[in-house]
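Both of the next two complexes hold subunit A, though its partner changes from subunit B to subunit C.
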Partner chain A sequence: MHKNKWKAWLYLLPAIVFLGFFLVYPLIDVFVYSFEEGYNSASETFFGVGLYNYRYVLREPFFLQAVVNTFILVIITVPVSTGLALLISAGLNHITPLKKLFQTIYFLPYVTNTLAVGLVFMVLFKKTAYSDGMINLLIRLFGGESVDFIDGPYWAKMMVTCLYTIWIVMPFKVLILTSALASVNPDYYKAARVDATPPWRVFTRITLPMISPMIFYLVITGFIGAFKAYSDEVALFGVNLNAANMNTIVGYVYDMLYGDSGGYPSYASAAALILFAIVLTITCINLLISRRRVR
Partner chain B sequence: MKIVLSHLTKIFPNRNKKVGGDVVAVSDFNFTIPDGKLIGLLGPSGCGKSTALNLICGLETPTAGKIFFGDDDVTDLPPENRGVGFVFQNYALYPHLTVLQNILFPLENLRGERKLSRETMLAKAKEAAHLVQIDELLERRPGEMSGGQQQRVAIARALVKTPRVLLLDEPLSNLDARLRLQTREEIRRIQRETQITTVFVTHDQEEAMSISDEIVVMESGVVQQIGPPQTVYDDPVNLFVAKFLGTPPVSVFSGEIRAEMLYIGDAPVLEAKGLRDQAVWAGIRPEGFVPSPEGPLCCRLTGVEVMGRDRSVVASHPSCQSPEIRAIIPAETPVDTASDTVRFCLKPAKTHLFSRESGERLRAAV
Partner chain C sequence: MERQKSFEAIERRARRNRLAGNAVIYFFLTVWAVLVLFPFYWMLLTSVKSYGAYNSEYIPAFYTLSPTLENYFSAFHAVPLGRYFLNTVIFTAITTLAMLIVVILAAFAFARLEFRGKNLVFTLFLSLMMIPNELVVITNFVTITKWGMRNTFSGLILPSITSVFYIYLLKENFEQIPDELYRAAKVDGTSDFKYLWKVMLPICQPTIVTITILKIIECWNSYVWPRLITDDSAYYLVSGGIQEIRESGFGRENIPAMMAAVVVVSAPLIVLFLVFRNKVMAGVSRGGLKG
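Presenting the complex of A and B:
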């Protein structure tokens, strides 16, 4: 028994060392950094311990802008992408010819490189000296005023960002929901048919409850993923996100560490912990709601 | 409601390219189900009995033939307009709804002038629940109930909209042995109380025999025999029906008719008046063997099993198609268990002769 215990630990050792070194230790370090005032990474010195870093970060306009941007992104993209994915997968489930082909097409964005997608979005939206971008050409065709989506007004930039994010996250959701829909026992639908159930009622009273655990899983991971948004914004607006007013919380953390204004691990740590608190709160709320709604 | 099936045929297109030809699931099915009867569709797996049920329900459309409910031609009606109640093999109860919500579900679907008030719906649901004796379980969810209870809920859900026809697909196959006995009596009772024409599908001959008013034996999509269970058992039209009904099964011997006498091996065992000389199959029911020291059929004795009321003699014979013969005899009939052999006389009414070529029944003149 005693010997076996050591053996067990031995087997666990690689994982423990790896996780400890790259996950647990940095986590603790972030926590420590965030409370050390005036930490200097070169000399590894600090003046004192306290909440100064949090106070600074919470007052910084760039951080507040990043929080606002992140929240707008989350609130728009999570429901829209989940809803659209539900519609698309319900549609996919109903067609029989070319079903596999459409499934593949809808999954393609998932395996496409973020920056490549960014390039395509540039062609669609960016105004250059030579072209206004495809979308602006369309807008003008219908007699509208052309808008600079990449360098223009805030709402236009936010709209492009949301579109971009939705387009990127949707394939995974479509994939999950299509398989969830396909796994519902067809006997339920037959029973509903024999009982003359109207299609809308079949969807809301049978299909939705049956796949609700998967929808819920997608909403939770969707929230967490959207709160961690960063690379999509870089792909659209370049690395200087503060200048574009399109920074996100993770972007702010990165800038504080390595950006032009960087070299402040304490501020970055404080911002990261604030993000952690936000995500934790939202996830807890999600869990509470789901316990009542999901079977 | 009388159900008339007229030349009902269902052919499924073949998807397996290696094997040619389409699949004929049901072939030229003709049957008039009398009003208020309980009918068992019986056959081995893949014989087309479930397809026949789906055709009556409307979940499948026939390739040819007509279906009438009473005088209405329902062949082209979708299931929702046929007024059928269907109980699925796995019950298909909605797991996220309570028993009451499940039973209410079909009523809530009614639209237009058939729409009911909430009170009527509740009253009807409770009435259906009472009929199947699940009054206590209305707030439970399907996952919190036993298989037998789920079965009752499924029946209640099928009955609540007072269907013209009740259809049950393998209603007992998901239950354990004890519940099966109990539930089949329940189905009989519910059917008697409601007087709804009921068709159920089963592969278990005992189940079909015990509760049906009439049974339909099917094989490879073709109806073999239709009739009251006892008639089909006593008077099978072919070898398949004889072999399919009865436990222990009928013992099949290869025999020969010579000069209006049935020979098994070299022993003349039974008179066969009016039959020409030919090779035959002789199917003998377990109760058709009568041990007798002078009996013509001599078998090797393997053992005698005492089963209380009667005894089961296990024997073997080189002409028998199965390695062992089971004969059921009254407990008081003496059998010399010390002997290696046992001799039987055969009861003519329990011995059926079948053509060696077609498997059809050969009837000797009485």
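Presenting the complex of A and C:
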């Protein structure tokens, strides 16, 4: 028995070592960094302990711009993608022929490299000297003005970012909602049919309440994911997101850590912890609402 | 007679409504399918247009009559795409393999072995799932830099190995194996390790395959960590390579060659997905995190 106990820890050892080094220790360390004022990464020295890093980050225009961008992105993409996914899944659940084909197609963006396909979106939306690009061609076909979506006005850049983000997050939501819809007990629908309930009423009174836990799950994970937006923006606008005015909070963290503006792990830590506080707050609000709404 | 007729009329109308409804549903589903597929079509199409042809099209053509493979040639020769590709394969293979070993051992300990504090340790493990990657990346970056592991495979791989979620997933699966099998094996004098290797792993093969595929997808698409830890293009993975191509290009704005690179980078995962379609989708709905 004694030998057995020792053996279990041996099996656990690799996991504990890796988790300790790369998850637990960094978690403590990020708090330490965020309070060390004037930290110098070359000499590993700092002047004092306090809240200066937070004050600095909260006053920096680049960070504030990143917060604004991230919030706009979250507020637009989460409701739109969840609503659209709900419609698509409801449609998928209504049909039998070709259902598998549609499901396979809809899932494709999940398995693609975000950076690579972002480049395709850039090409589609970009306006260059020799061509207005695919999307502008369509806009002009319908009588609109062509816009440079990649180097142009802020709203145009934000729109591409939102579209691309929605395109990327849809597969997961459609997948989850389709299986949630399929698992609703068909007896409820049969009962509704006997009573000749109109389809819209069936949807709002039976379907939505039955799958509301899954919708809230998607909203919560959607919020968390959207707040961490970063690589989609890099794919569209390049590494220097501050120059494009399209940086996100996570992008700001990495910029502070590494690259031309890097070398400030203290500022990066403070920004990361601010992000974490925002995400935690929003998630708690979501959970409170869902506890009240979901049966 | 009158009633009979109206009944038929009602039924006919209902059928017509249903058909019309189905047509609307199919229409919208097709629209979304086109929106999803269009970028893929566009990258394939552009990648087979020649540089001259592409740049002379003010209005982009939706098809090409003279497909060429020259862009694929320049994607592999003007930039070290083959190198990026090889790096990613090495990174993905080693990370996934190491992850499997660590995860299987830990899940086995939690599911099969008895030791004091097991529940406490397992709860601690689970609570680690809530730590966002963005928080720990900062210190990991400093640690790896301090260890002099920048621009090495160890630096790329080490922090990416463990996954608490997969330990949890596998542990749940291991626990479904009846205890009788274990006791029978013990009576026969089978060691724990042999039991794990010869009995548990074959039984839980579907879960292992799922975990492996999810990890491969994650590794293949990882961008943030590799970008932080490598600035020598000899160690770039495909994501970093694509970004490099985007920034500095082929010396000129060679969009068709870029698209060829994009096709090459995207193809392996799409093939993997089409082959293991059900496994990937079942796995993602159980444990997908992107979204």
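Just so it is clear, the second predicted complex is superposed on the first by the 281 of 295 C-alpha atoms of A that agree within 3 Å, B and C clash if a C-alpha of one lies under 4 Å from a C-alpha of the other, contacts with A are read in each partner's own complex, and residues count from 1 in each chain.
The working rule: contacts are C-beta pairs under 8 Å (C-beta built on N, C-alpha and C of every residue); 3 or more make two chains touch, one makes a residue touch a chain.
Here the structure is a predicted model, which is why all the values come from computation and not from measurement.
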Legend entry - When subunit B and subunit C are modelled together on subunit A, clash or fit: fit
Inset, instruction - Tell me which partner A:197 touches in the superposition: subunit B (first), subunit C (second), both or neither. - result: first
Inset, instruction - Classify the contacts of A:185 with the two partner chains as first (subunit B alone), second (subunit C alone), both, or neither. - result: first
Inset, instruction - Using the touch criterion from the header, give the chain among subunit B and subunit C with more contacted residues in subunit A. - result: C
Inset, instruction - Examine A:46 and indicate which partner it touches, taking first as subunit B and second as subunit C; both and neither are also allowed. - result: neither
Inset, instruction - Report for A:217: first if it touches subunit B alone, second if subunit C alone, otherwise both or neither. - result: neither
Legend entry - First, second, both or neither for A:71, with subunit B first and subunit C second: neither
Legend entry - subunit B, subunit C and vertex subunit A (Cα centres) - angle in steps of 10°: 70
Inset, instruction - With the two complexes superposed on chain A, say which partner A:123 touches: subunit B (first), subunit C (second), both, or neither. - result: second
Inset, instruction - Using the touch definition from the top, say if A:56 reaches subunit B (first), subunit C (second), both or neither. - result: neither
Inset, instruction - Rounded to the nearest Å, state the minimum C-alpha distance from subunit B to subunit C in the superposed three-chain model. - result: 6
Inset, instruction - Go through subunit A and flag every residue that touches subunit B in one model and subunit C in the other. - result: none
Legend entry - Residues of subunit B that touch subunit A when the two form their complex: 57-59, 78-81, 84-86, 88-90, 92, 94-97, 105-106, 108-111, 157, 161
Legend entry - In the complex with subunit B, residue positions of subunit A that touch it: 185, 187-188, 190-191, 193-198, 201, 205-206, 209-210, 212, 295
Inset, instruction - Quick one: which bits of subunit C touch subunit A in the complex? Just the residue numbers, please. - result: 21-22, 25-26, 28-29, 32-33, 35-37, 39-40, 42-43, 46, 55-60, 101-103, 105-106, 108-110, 113-116, 118, 121, 125, 128, 131-132, 134-143, 158-159, 161-162, 164, 167, 192, 217, 220-221, 223-224, 227-228, 238-239, 242-243, 246-247, 253, 255, 258-259, 261-262, 265-266, 269-270, 272-274, 277, 280-281, 284-285, 288-291
Inset, instruction - Would you mind writing out the residues of subunit A in touch with subunit C in their complex? - result: 4-5, 7-9, 11-12, 14-15, 18-19, 21-27, 29-30, 33, 41, 87-88, 91-92, 94-95, 98, 102-117, 119-124, 128, 130-134, 137, 167-173, 175-176, 179, 218, 221-222, 224-225, 228, 230-231, 234-235, 238-239, 250, 253-254, 257-258, 265, 268-269, 272-273, 275-276, 279
